[in-house]
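Starting off with a structure, shown below.
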């Protein structure tokens, strides 16, 4: 399936960083879902990040809806979204086109595409290709919101600086919607910005951890064995090149826990089944239990740094050095959160539509 | 797709813990691959774990090959594998069938299957369903071996005890093949066994972290955006109910690294492109770079513990207490490694067959 | 996907004619659907055909349900069905194993499986592999019946003898359920039997056309562009090796019609939208319109005939002659109808479950 | 999957007749395949049909390649193709938007999309949506040509007028490439044109049968049971709304044949295995046998006719009459042939890429 994800809701991605346009087709969304173009634009804006700590390549990223929306609502047929590329500095890349930028996909693309890949700006493997995911995700996020399902992601840690943990989820998610720097603790956010600015000064970069909470997903969703909630969400999230780890609930923390600490005892309150703790992150046996879905992603430091690096010229097959030019981010963690929200929304719309039928999102 | 995984090599799982039989259909394996029934049996044996620290439910787990193998070799048509259930103590479960065992899928299965699920021993959500995965994985492991691809998994940590890290991968993988307790450092393994025995004594359980290395996968494998190597492997692994986290290469460790530390500089030696470090775990942009694939899984403590736990009766919708009877494992980490190896082998066979065609594994 | 069909309801087939067992896994059926083992057995019996005009290989074909059914109802998890092979005369085939039987898959299997295929009795390409489809189909047929959806297939023509057309569908479908020889006109059925017996005498065989009607499918089902009702049904039916043509509604008859004759005018009666004619076979634009779904399949003459035939020895790469031994059918058209009913039922369960959610069949 | 077809080569369609743009994403084509924009344009031109017998809606249908092509060759990443809509007469449709045009998808779309569908000009169900299929198909046709695989389709019959049958396939396919009216016999073509013009005069329409030949496909391609060559091709072709029947080789003609006539005897000539006849249309048991693949499609008469027709107003739920305005085709059979060629090319690229790996088309 390659560039298509999903069984019941599908997203198909296309585009290269310096090609004519990037975009996607989002298929399977129920007919009658409201499409809020202002919200799409605001999500695109969030994805661009904060000026002082993001790439100076700042395009309009105007999302053009080519199909699937009529009179402000989804028609139920494929929604094609296109963003024209505008601010390409393609020349930045030609001199170094045979030099594999460390941490990037240049060398692996060469191995897979035999020299025919569009090397400019990382081509199809550029982080820029997350823009259409954000546009499609915005439609899904609004559809989920209308069903009472909310998603919020904060930077749990960045370069050694930790945010506070989720506390009152409903409030915290609203808070994150309005934060440019997505931390729960404002002080932590400022410290992270300062750190990232410092990295920019050094021509270096940092990574971090994003933690996501999803509230309102009904119990009984997920298709084990092979389409567990964890499987579907991780499949989608590991498409994002910078994401190198995912854990649900206590995740790697389980390694040092006893069963008696790790199990989440069930209890009834307000006539509903809850768990006392949520170490399982809202998922038992791959199926939602009605508790918030909680997971964290490890985001690696942006591989584009300005420092001189050792590498190879893969055409000449010899060792070389590279100094990356162009416009880059000293961190993408604050931009990635909107990508994670979007990917999660798409994956959940897929699971929910499969579970409850093609009209579910509009019912 | 639910109980089917894979695009080019597919595995379809079936069975319940206390039903007639469990098994799977493995489809898409090239014709002409040797099937080593002794190796299958030895992998089944490894999956049963070490006597002193594993469930006393110890069945023969004789794998019956129903189809797809002729004169000792795969035919290229579906391979159906069946294991008859023999040692069910179904009565152990009837008394508590409406009590949700904490950490298990009982409650979520009730939500999804509305009371029609086979509740005995966790039914379709029992860890026992990993047995056919191991049988199918054994065929895939041997097929990969013949192509020079080796997989090895060790317990990196368990209840606070750490194994040593991978060192000389080729030697370490051979070493692990012969270890009943899969640690690289024998002392660490013994300490873990002692800890697990202690947990059994307390009626409690522990989790851990498994780290896996795969050598010999050629560069250029993986189908980004959505079928990256990380996506495909994590999708498959998160089907295993106990796995709650996955990280590739440095994984969550990236959060505290700078780009200049995290990037893996390329260099040429022996005419081949290598990376100096392998923080990316052999994968750049979702595609293999020819370095070993390295990842770790977080395994939660076995949820079946003998201590009294708080829970709910989901039929009566009221709070309750549960004391789990039956036969359980104080840890599954040492048994899970063979499951991880198997799942990884299946996922890689799928990726490789898609990349190089349906005859690849036998060429 | 190879041996797996379906998106929401999946069937995965396995087995060889002379292997240990044949069977399938049927996944995605809603929990709580009644499983009628007597009905399954009666469908298996129908598939064996009428003694005087069918192969003398007549096995018990006892269907063993390995999983997914508990206390007489589906659990919602995969249903594995197995039929042990019993009456193999494998020696019949060894002498001619390198001779491609004309009209069979021997030569193409050799090209695809490079000599590793199980050649005995056609191996995986034997019509015998339809037996598990019939078993799985029986479960689906009963599930559809409970939703008011009925399927019936008659032999529209065989060797130049024509049955009458469908008339009162509800009555005709009931009538067909009870007919050993599935014609609407008994006289036509007898004439066909006489013809087939004559063919047997001559060591020859005949084909025919099957016409199927499905009543009760709600309007609005089908997923164009690519998963139209026609696409999904034809995909499934063309899996049956003997089927070489499919037409919906007027089908090839459209070629000689004008639009004004072909269009089905809409009209309202009893508050429901109907069409006056049903040339479109209940499907407009790939979506059901609430009228009966009507289609016909062309079934080729059984390729196993006793006459001497010209062929090649594909090992020696030289011309040869073959006289097929073994036990064969002078016609399969009367047996194929239950296969067509079954395949159709599976395909419709898939479409309906995708459209209305995973609980639909049991609601 | 809805609007996505294919396992290894995928096409995802989008657009509405009167929306902003229509298009598709073609994914999985090997890197390094030449993209001939002139050929794409010429195929788009062929799809528009012959002036005197086609709709006066004649747009430029300029195909814009948004991604996946770099320096004239495919990159191996998704190829997005977009065609802006230009010549919409949307007002033609508003007056009759609640009237179901007989033979069209208006009513079924209403049932499925609950009034949210874009009704103008048939919206997503317009024949116009075949334009991006033709664009994508043009890339696939050229890729196949480079591998020695050729596809040609002629109008076998139209309104009772028959073309001659295929004779010398290689010559006939070349001949068809250059024919505006795709008949093998020019006289038959002229007669058909005259008939279609007569239909236009009467405000009526006609259908027909298209017969397709594919040469050069190697033996051993096809993935039975469920992805037989017939299954994959028919699945794709039945997406085209006007196609209501498909037969391979002798197809429905098998019904009146004996096995001894129907079987295609094998013979060796020039060191290659051939069949003497080709009743099986190049496919045995769902797998190619190296002979030309031959199939025919039934195309129904264009449902848009100018005669007054009986129908229903599906909002008011009452009987009504409709006189269709707008610009329509009295026949599409001559335009459909390029769609059939295109769909077939895409389906074959999918099968071949799955069989021989992702680089196959460029090797």
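Each chain gets a letter, A, B, C and D, in the order it is written, and its residues are counted from 1.
Throughout what follows, a residue touches a chain if its C-beta (ideal position, glycine included) is under 8 Å from a C-beta of that chain, and two chains touch if they have at least 3 such contacts.
Remember, predicted model here, so these are calculated numbers, not experimental data.
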| item | value |
| --- | --- |
| For chain A and chain B, chains touching each | C, D |
| Contact-richer chain pair [C-D vs A-C] | C-D |
| Approximate Å spacing (C-alpha centroids) for the pair chain A, chain C | 45 |
| Distance between the centres, which are taken as Cα means, of chain C and chain B, whole angstrom | 38 |
| Centroid spacing, where centroids are CA-atom means, of chain C and chain D in whole angstrom | 26 |
| Residue list for chain D, restricted to those that touch at least two other chains | 1-4, 7, 13, 112, 124, 223 |
| Chain-level touch network, classified as line, ring, star, complete or other | complete |
| Residue numbers on chain D that touch chain C, as the complex places them | 1-5, 7, 13, 100, 102-105, 107-109, 111-112, 124-125, 129, 157-160, 199, 204-209, 218-228, 230-232, 234-236, 238-239, 241, 243-268, 271, 273, 275-276, 279-281, 283-290, 296, 298-305, 307, 309-312, 314, 317-319 |
| For the chain C and chain B complex, residues of the former touching the latter | 1-4, 7, 10, 12-16, 19-23, 25, 27-28, 31-32, 64-68, 70, 73-80, 82, 112-118, 123-124, 359, 362 |
| Chain B - residues contacting chain D, complex | 7-8, 223, 354-358, 360 |
